[in-house]
Amino acid sequence: MTTPKPLRFGVIGAGAIGSLHARNIATRVAGASLSAVMDINLEAAEKSLYGNAYATTDLDKMLGDPDIDAVLIASLTSLHSEHIQKSVAAGKAIFCEKPVAIDLEETRRVMKQVDDAGLPFQIGFQRRFDPGYAAIAKAISSGEMGKLEMFRSQSSDPKPAPEHYIATSGGIYIDSVIHDIDVARFVAGEVKRVTALGANPVDPVYEKHGDIAVSILTLEFESGAIGVIQNHRRTPHGYDLRLEVHCEKGKLVTEDERQTKLWRYDQGGIHGDYFYYFMQRFEDAYRKEVQAFVDAVHAKEPIAPGTRDAIESLRVAVAATKSLKEHRPVAIAEV
Amino acid sequence: MTTPKPLRFGVIGAGAIGSLHARNIATRVAGASLSAVMDINLEAAEKSLYGNAYATTDLDKMLGDPDIDAVLIASLTSLHSEHIQKSVAAGKAIFCEKPVAIDLEETRRVMKQVDDAGLPFQIGFQRRFDPGYAAIAKAISSGEMGKLEMFRSQSSDPKPAPEHYIATSGGIYIDSVIHDIDVARFVAGEVKRVTALGANPVDPVYEKHGDIAVSILTLEFESGAIGVIQNHRRTPHGYDLRLEVHCEKGKLVTEDERQTKLWRYDQGGIHGDYFYYFMQRFEDAYRKEVQAFVDAVHAKEPIAPGTRDAIESLRVAVAATKSLKEHRPVAIAEV
Amino acid sequence: MTTPKPLRFGVIGAGAIGSLHARNIATRVAGASLSAVMDINLEAAEKSLYGNAYATTDLDKMLGDPDIDAVLIASLTSLHSEHIQKSVAAGKAIFCEKPVAIDLEETRRVMKQVDDAGLPFQIGFQRRFDPGYAAIAKAISSGEMGKLEMFRSQSSDPKPAPEHYIATSGGIYIDSVIHDIDVARFVAGEVKRVTALGANPVDPVYEKHGDIAVSILTLEFESGAIGVIQNHRRTPHGYDLRLEVHCEKGKLVTEDERQTKLWRYDQGGIHGDYFYYFMQRFEDAYRKEVQAFVDAVHAKEPIAPGTRDAIESLRVAVAATKSLKEHRPVAIAEV
Amino acid sequence: MTTPKPLRFGVIGAGAIGSLHARNIATRVAGASLSAVMDINLEAAEKSLYGNAYATTDLDKMLGDPDIDAVLIASLTSLHSEHIQKSVAAGKAIFCEKPVAIDLEETRRVMKQVDDAGLPFQIGFQRRFDPGYAAIAKAISSGEMGKLEMFRSQSSDPKPAPEHYIATSGGIYIDSVIHDIDVARFVAGEVKRVTALGANPVDPVYEKHGDIAVSILTLEFESGAIGVIQNHRRTPHGYDLRLEVHCEKGKLVTEDERQTKLWRYDQGGIHGDYFYYFMQRFEDAYRKEVQAFVDAVHAKEPIAPGTRDAIESLRVAVAATKSLKEHRPVAIAEV
């Protein structure tokens, strides 16, 4: 078998997600290799190395390295846009954690630069690579279930984020619900209009920053289908997701996923645990999304989710934010 | 043990639900007995008899029978209001299938007559007597889960109703979603505002009558909690319900109920069946609700769901209907 | 509808099971009525009355009552045999809690008396009337799954019985595993040979009385199929049963049944409760088995499980007891 | 971070399992690299290459390569013993697919050579690395459940093996049940005595070769616990496993694992698929077992399952085979 030359990655950002991607690229993604990890904290970068990769604090130097083919951007959200632009200038293939930016116009502008440069680009909507979500999307697109008629996605986080994060996150829709929105677009197609409903029982810090902790967002799709996304930011049992779609020929539901494949029966009844957080729940999806990127780059095939998804999923999130503030349905065409 | 004299019932209406109630009263409800069944079709009434009960086509005669203590009204919806009023005049305890009427003003008027007469009255919201729904309501009211923050109820019917039924049913909210609405009130308290979203992929007959087949209704509760109710009128696998509530200390979910307690593994994988329709799904709840009524009458205790629930659950359904037609959130106080 | 004259019952024994049967007969079994309850403790008998039934401490008087058609024997196990014989002499239809006796010869003798008298007789193997067990038996007998090839039944009790009970119960096979054995015969047909394996980790009291608390019993069926029954006498989560059969065309499994139809998600994960004990787990089966008896008596149809089942299921239990003591496979034909 | 020099593997045998291991070593096992693949079919070896690895038909040449640190033996079972011995002579670390040999004496002899040479050795009992099995073993060894009292493992294959395979496999216990036996030893400790029961409903080919298709094997453990292993060689729904252990403080059960994380509800009810076969079911366990081997070699830590497990699990399987043939309980000490 002829195996292609590995796609050599430089990882930008050595936080939790960056380190995970570095490890996957180095040890678990076929056809890829880790060349360098850049972080302003050299020690953090060094801790994320494998094999012959080098650590650096100098982004320009890393982007100038001709032995690096691709970048994986896992820096602070506020730097994504700048890092994408520099990577475009350096001519690298780009995998960027979501979002490109919390501002829609900036996102559009940067995505246009990527498209104009003709560079491979993937945005980190990892749920598309989870087996349950992927199986539902595949069943719908195959037509075997007939037309999709009603969509429902539910996501819950175990605990509120720290205040400094809330203050700059762009709000629940842009920060968090965007993952459900991207799944909605992935499974049910483009959204025409949204209506947001919020509540704030969890922590006054959300209200202080004009944000909410509990959300119900209804969606009207271009296809005529309707949908609802429910989010909660403090579910004590852990990170809990469920996707249900009603179609012409039946209903599809992702099964409840738990961290440990075990049921325990004791004096209190029957018990099972849950995933603590998204990094546990999507551990393998984080590997698979990068594998898909690497495979597509090698095969010179179209990449999804790409620049258009980065824009369109954000656009729905921005419309939802507007709906929440203005207490009215907001058409996606408005934003 | 001193057992009380049985509560002697006359059943009005010998259709599917009336027959079921007659059978339950005669054979499965403690402290009750069946005295008579009235239907304009004498043969139908006769088929529903047990023991020494008699059949009649003459409602006034049955209501005049001093050996009948209580009526169970299971006649056509359009006759409920008249039958309640006649039963009030005859001084009977009244159990009435929902709804009292599809008109809110008429419902208010008739319920006032019942209250003024001081007669025991129960409305047939049988879900309150299903073990799963009842367990969630009990857990919430006990306070063990902390404050309820987000409510979700989903109900699906296996197939569209016949056109003549759709034409006079009052629409999906008054006819069908009212059961989820009553559960919402039962579990989460009174509703402040609703917003309805509908779609019509199932059958043009719904559109013809200004009705919808798929609905997403969002609710704002007086407590500050928010909720969503999803309904679908054609789920090929059968009658399918799910209730989920997010609370301060966790989430409660009714387990998936299936008709047969069996999993079959064969060449196609693993399979289980579903309840065909509400009469199978709630078979035991139909018995338990009448048992609760009988017990409360014997004990001279307050009855729930009673006249207020008959009004308030309808009121939310009427507001939802208005929201759907006017494409805007509707406050319950408006109706 | 012509409804038959109710089958009028006298209940013998007003303990937990007798009271349950009395309540069911009086209030929840169609075509039956409760005439009397007999117990040596008059107060207990009186507490189990409904309607016009009378209490008595005089068995002979009750059996002499011409207005009693049938008896339900729920007295102490050691009295079953005597009570059956007296009921035969009185010409009553007989429903008897299992076992007829813990001695096989006595059982054979008494069952012969019943058969010779031509009286209706049903033995209380209530699992046959549980929806899950019944559905598996029906699927097998219908032939839709092809030939049954491997059988497995598992039953667990929440806690050891009191010592006086253990001392006279006849041992785990005759007292408890006999329910699984009867299910095995019900589902997979007659048993040819058994091999018992026991352990005693739970409580020294079992060893003291030559009994065991944990059992694995393998079965060879006449059909050529093989099977295994597992029992445990102290499962802290409650009363827990599972039935699995492998057939030519697939596998059938009864779903896990829990007392409350609820899943609770909290800081510790996901939780559900269990049935506390057999009376909760089989509450409805206890009603259904008597309903089946009443229906069969009214219809003059054959009754199952009847005298032959009372003998044959005990016979397998006796062989299992012998196998455990003699550490060898024991053919059913030996006993 | 200092990452160790990768452990460089030569894979012996490029069949289905060998290819899977080669791919894992090359792309998904951290700290490992693939240097060569040997197969008598050069084309097969070439198809399993990644990166700079070379293919060869010459085992001696590959074992003589000083740049190879470890071998993964995935050749025909009948050659395992010879290939282990050659690898010992070449001083390589050894990971060998189970079994070492189907003959117990040969296994003992070869394992002694490995031990005497002091070389790292792991046997391919991959179930120990499956999350569900591992979680149960961990819970038991932690003591949190108290003493293990009853063990049960069930495994089913989707379809009979080809005749030439059956003819030389050593029979169901040595070929297949050995995986359940190893789990029994892993979870519940050493086995003292076994009793086998077999049936042959599936295919006359098993009988022809003195083998069986359906087995129930009971186990008595050194600890006093008892257990049962059930196997079936034709379960149409796929590859289906379940592990249940009863302990002092409760019961642990591995949850049902299915290939696709999806439930489909349609006209026939609710449906889910199953794993087709062991390679799908244990895909990730095959990676994890090699990862554990690599980690242990790097860390110079003890390896499990090692030479002793290769002997002892086979020993129980040999005793089970003897029990089946001689229709009697067989003590492990006999073999």
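Just so it is clear, A, B, C and D label the chains in written order, and each chain counts residues from 1 on its own.
Keep in mind that, in the parts below, a residue touches a chain if its C-beta (ideal position, glycine included) is under 8 Å from a C-beta of that chain, and two chains touch if they have at least 3 such contacts.
Because the structure is predicted, anything quoted here is derived from the model rather than measured.
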| item | value |
| --- | --- |
| Comparison of B-D and A-D (more C-beta pairs in contact) | A-D |
| Same-residue or different-residue interface between chain B and chain C, half as cut-off | same |
| Most distant chain from chain C by Cα centroid | A |
| Whole-Å separation of chain centres (CA-atom averages), chain A against chain B | 43 |
| Averaged-CA centre spacing for the pair chain D and chain A, given as whole angstrom | 37 |
| Chain centre separation in whole Å, for chain D relative to chain B (CA means) | 57 |
| Chain D: positions in contact with at least two other chains | 235-237, 240, 249-251, 258, 265-267, 272 |
| Parts of chain A lying in touch with chain B, wherever the complex brings them together | 147, 149-150, 152, 154, 156, 195, 197-199, 201-202, 214, 216, 218, 220, 224-228, 230, 232, 235-237, 240, 246, 248-251, 327, 329 |
| Residue ranges of chain C in contact with chain A within the complex | 235-238, 240, 256, 258, 265-274 |
| Chain C - residues contacting chain B, complex | 1, 3, 6, 23, 26-31, 46-51, 130-132, 135-136, 139, 145, 249-255, 257-258, 260-267, 272 |
